[in-house]
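In what follows, chain A forms one complex with chain B and a second complex with chain C.
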Partner chain A sequence: MTAPRTTLALLLFAPLAFFAAFFVAPMVVVALSSITADDGALTAAHYARILLDQYHWDVLWVTFRIALLTTLICMLVGFPLAWYLVRIVRWRAWRRACVILIIVPLFTSNIVRSFGWMVLLGRTGLVNQGLMGLGLTERPIRFLGTETGILIGLVYILVPFVVLTVGNALAKIDTAYEEASADLGVGPARTFWFVTLPLTLPGAVSGAIMVFALAVSAYVTPALLSGGQITVFSMLIFQQYSSVFDFHYGAALSITLLVLTLVLVTVAGRIGEGRKPA
Partner chain B sequence: MARIHGLVTASALALGAAIAPASAQEALHVAWYGGNWGDAFKACVADPFTKATGVTVVPEVGTSTVTLAKLQQQKDAPTIDVAWMDGGVSELADAAGVLEPITQAGVPNLANTVPQAVYKDDGGIYAVGTGYYSLGLTYNTQEIKEPPASWNDLWKPEYADAVTIPSPANSSGVPFLFFLHKIWNAPAGDFAPVFAKIKELKPALFFDSSGAASNAYQSGEAVIGAHFNVGAFDLIAKGLPIGFTVPKEGVWATDARLHLVKNAPRKELAQKFIDTALTPEASGCLAEKLFLGPSVKGVTVSAETARKLPWGEKGSVENLYLLNWAEVNAKRAELVDTWNREIARK
Partner chain C sequence: MQPLLTIESVSKRFAGHQALHEVDLAIDGGEFIALLGPSGCGKTTLLRCIAGFLKPDDGRILIEGADITGAPPYRRPLNTVFQSYALFPHMSVADNVAYGPRRAGTGRAEAQSRAREALALVGLEEMGERLPRALSGGQQQRVALARAIVNRPKLLLLDEPLSALDLKLRRRMQIELKHIQEKLGIAFIFVTHDQEEAMAMANRIVVMNAGRIEQIGTPADIYRAPASRFVAEFVGEPNLIPVEPAGPGRMRLKVTGAELPYAEGVRCVMARPEDLVLVDGTPPADLATAAGIVEEVVAVGPVTTLFVRCGDVVLKVARLGMSAAALHPGSAVTLGLRVSALHPIVE
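For the complex of A and B:
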């Protein structure tokens, strides 16, 4: 019996070592530096500076508002897209092509894609040219430097996560449930609402949590599309590490964002679990 | 089971074999920046060094701040011998105690360097400049026919929503505030007038990275503003309608400096490397490739390159506004905080 145990230990060692070296260790370093002063003494001053200042709460509110809206829009766009791919497309090759189209942008870096949006959304960019050409607006609409611009960029980058998780959940649903519902005389809308939607909820919730966490922590997209005129929390963290060099305050900002995000995600997870069919 | 053990042992051996030759070989580890900067440092300094000594140079690519972080982490057992870091970070590295004094005896070419590029403190020379770059006035030549004469032109109503200046996340952001403070003769230590004026500016964007600035000029989002001479002339070389000018108030500039790492494992070679960087050939090569203003005396560059140097066509190091970094670093946190509260929110 000991032999398999040794095997197991050996097999587990690599991933555990990897996890400890590249995740736990840096996290501990950051957490420690957030509660120490320059001379190494323990202090809560960095947290007091953050939490007792209305400015930080304002920035947090902007950050979470953008992340929530991103998640909401991603769900509204991603769910129908997943539905189309799983339920409506009959031709396998086309479905495969669509999945590839959704996944391929993930292979390009966020920086490149955000630069692309800077060009598209600019005053003289394609979007404004189109809107003016169609006579929808006379003057170019300002997207860069607005929350709308940041939302467009984040939704574009994060929608694939919803499509993939919801699509997976939809594909696993046995259509017999829906047929049974129809046999019992329930209309398609009510079947969707009471049968299909609850069954996809676990997938939808995990997709939403993923999108929310990535949107809260996103740096490159908001930094580029905000044009430095809107501040989200990750930008404050970056500033402290890259130009102010106050690693203690920067670390405290990071941990604050992490803890608040975890709290929100846990709450969301609870809600998702609560509705899960028994 | 035995099979797995065998596999693990074999891969461990293979891994060991792969690592061993690299550590046994004598190679100089030099920290420098990425992109065209790293390419130029390699071509202008590392390749001639390798040719002369037969020692290969292993680049440790990172921005100045990342390099400083690495030096602090490996303080007790450094692997990096020589490090390039920008002005500002250089002073922080000195304060962090990760640098070894550079001496005339070890680096004879120090004698050929302009005095402004030799940085000393109580312990001796902690850094030496290898070339200046500036943040000048950059504009779209299709929209603006005459080169703008003053930084105050950025506030002209016709450029509303089409101006860009650096944000504090950029290394030039805080220094640029000091520069504005100086050209507007604001009262000593009081930045309120500077922030009040920036609040009146109608920007297209405040750029975080040099790349974001290039992108904005390229797409026409910005038609006038600040940009590094290195980035601006890169755009001009690509055929874009961009101009770079040194207005009457001058420009803020800084330099890329070389540092000898404290307890460098290969000190002799490290000194030789710094010496190579201070030859007129290396300095002229960096001017041609990156438009860095030479820090070595008597370097001649082509007329074409002279136009692109940080001090403009007819200037010299005297035309540059070089900051007292100790002052900047002392006020850094406060200015970034004020910027966040006053400027970077709607």
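For the complex of A and C:
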């Protein structure tokens, strides 16, 4: 049976239209806006203003440093968690409970969760009380308004993405590969390093890219936990759009962040591709 | 001389299911052993216990007298060819084969040259640079074999390694595997559910059923003198002819009326389809005869099988070639069988 041409055309067109309307069009609007002046004339002045100003480079450096550190810590925390869920837990009900525990926070607003951390990380918050109670520190540690505070908040929010992607990759690895390695005389630690890790790399890289992209563009968490002491790039964009109302300049900032992020993500993707398994 | 591998009353239970029940087995160096049985009979469980992927609940496994029951797989002096081959997808063929020696601390050049040697043995020396997924199933199978023999183990375990190949390739690999085994002098334990494969390759066959060993013997032993009805039916096509008591120390074949000496517990005797002949005219004196009606003729080329009804028993008669294909269902024939060829089945 062949579908009528019109039906086929519609089937092809519908997703294309959706994609164009919600992904391409906004992008084009922002990109155009970033290279036009108030009077509509083409200009590169916004970009010149960004790239020639050391302040922007400083903010970019802070932003990318926080995002990279967040990604790194998320991987270090998320990989063992994923391993535990996929390889260690034998009891299905408990595994399901763990997965739900990991996913449920994703249903809550970032604002609520970041506020939660503001309370926990404050001078008299639970974290400092705990640390002092255990005698690990004499005076409260300052978390709010530091990069550490922002990192804690971002890692907390983004770790589930790593657990899910890496867990998925781990679950797909045929255990026969690890058995084959053991059979060839290689112990568990080196089997992990030479067989399991390379096979999970594509999943890990896609998880890392997701975390990095979300961390680099995060606004709410840094804004709430920075206490005005630290500026990340998304805050600059927000200021331009919501306070200064300079949409052209805001657009140029957005595009700058987008391009730099894409470059980094592409490089990371290439690294992942180079060792891609079947 | 002590055996290469000794299995002493090994038992294994999985959640309420007895996978292995006090299995005993001894294997000498250089033997080609087939573990034969239907799926779920415990043959793969036994293999995984020997490889160390499963720990027996009871019993001991020894290699050259050393107890390895509790040793992890990476401390056992044996290698495995996996059913799925389990070639590392992120490594080239040569790196796959060199993996064992390389990780054991052999230098890169030495490991690569041993890998080349092993690949040459399986006829794939040109394929070293490829990734496993670029190879055909038969080639992947050879790489898995090369990887498993590169360390020259004394014992190689093969878990249905040919089951994914088509019939022609499978036949060729059977012969090739046998040649490689003889050349290297490594003992092979080969798991299969295909009785022809077991008979084509093995020096000794271990027939398993429901977690127990039913019989251990040469292919001829297993085929001619099965120890149980299960073995008779699993290996080849048996004619199981019922017998009835015929006076003290005698029993009588229900079909031909021929008499045999009685043995305890025998309710039937086995004749293979090729033991039965079609008789024209007067039969020789040593043949017992029975009249029958042909019910079906199945001619597959080298062999034609007749299904002949004699009273309430249907007997299978095998004839070489297509000559018997001329017979039609309904034809009356006279069957002859040599009483000395009959094997009593003890139950």
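Keep this in mind: the second predicted complex is superposed on the first by the 267 of 278 C-alpha atoms of A that agree within 3 Å, B and C clash if a C-alpha of one lies under 4 Å from a C-alpha of the other, contacts with A are read in each partner's own complex, and residues count from 1 in each chain.
Just so it is clear, a residue touches a chain if its C-beta (ideal position, glycine included) is under 8 Å from a C-beta of that chain, and two chains touch if they have at least 3 such contacts.
In this text, all values refer to a predicted model and were calculated from it rather than measured experimentally.
Visitor: Under the superposition described at the top, does placing chain B and chain C together on chain A give a clash or a fit?
Guide: fit
Visitor: So, does A:115 touch the first partner chain B, the second partner chain C, both, or neither?
Guide: Only chain B is touched by A:115; chain C is not.
Visitor: Pick one for A:10: touches chain B only (first), chain C only (second), both, or neither.
Guide: In the superposition, A:10 contacts chain B only.
Visitor: For A:230, select first, second, both or neither according to whether it touches chain B, chain C, the two together, or no partner.
Guide: Only chain B is touched by A:230; chain C is not.
Visitor: Looking at the overlay, does A:142 come into contact with chain B only (first), chain C only (second), both, or neither?
Guide: First partner only, chain B.
Visitor: May I ask you to name which of chain B and chain C touches more residues of chain A?
Guide: Comparing chain B with chain C, the partner touching more chain A residues is B.
Visitor: Is A:38 touching the first partner chain B, the second partner chain C, both, or neither of them?
Guide: neither
Visitor: Determine, under the contact definition given at the top, whether A:195 touches first (chain B), second (chain C), both, or neither.
Guide: Once the two structures are laid over each other on A, A:195 reaches chain C alone.
Visitor: Give one of first, second, both or neither to describe whether A:58 is in contact with chain B, with chain C, with both, or with none.
Guide: After superposing on A, A:58 lies in contact with chain B but is clear of chain C.
Visitor: Once the two structures are overlaid on A, work out the angle chain B-chain A-chain C from the Cα centres, in steps of 10 degrees.
Guide: 150
Visitor: Working from the superposed arrangement, determine the closest approach of chain B to chain C, counting only CA atoms, in whole Å.
Guide: 39 Å.
Visitor: Going by the contact rule set out above, which residues of chain A touch chain B in the complex?
Guide: Per the stated touch rule, the residues are 3, 6-7, 10, 55, 58-59, 62, 111, 115, 118-119, 122-125, 142, 144-145, 223-224, 227-231, 235-236, 238-239, 241-246.
Visitor: Which residues of chain B touch chain A once you look at their complex with the stated criterion?
Guide: 1, 4, 8, 65, 92, 161-162, 167-171, 173-174, 203-208, 211-212, 215-216, 219-221, 332-333, 336, 340-341, 343-346
Visitor: Help me check something: in the complex, which residues belonging to chain A touch chain C?
Guide: Counting only chain A, the residues touching chain C are 174, 176-177, 179-188, 190, 194-195, 198-199, 275-278.
Visitor: Show me the residue ranges of chain C that touch chain A in the complex, using the header's touch definition.
Guide: For this pair, the touching residues of chain C are 51-53, 72-75, 79-80, 82, 84, 86-90, 99-100, 103-104, 131-133, 147-148, 151.
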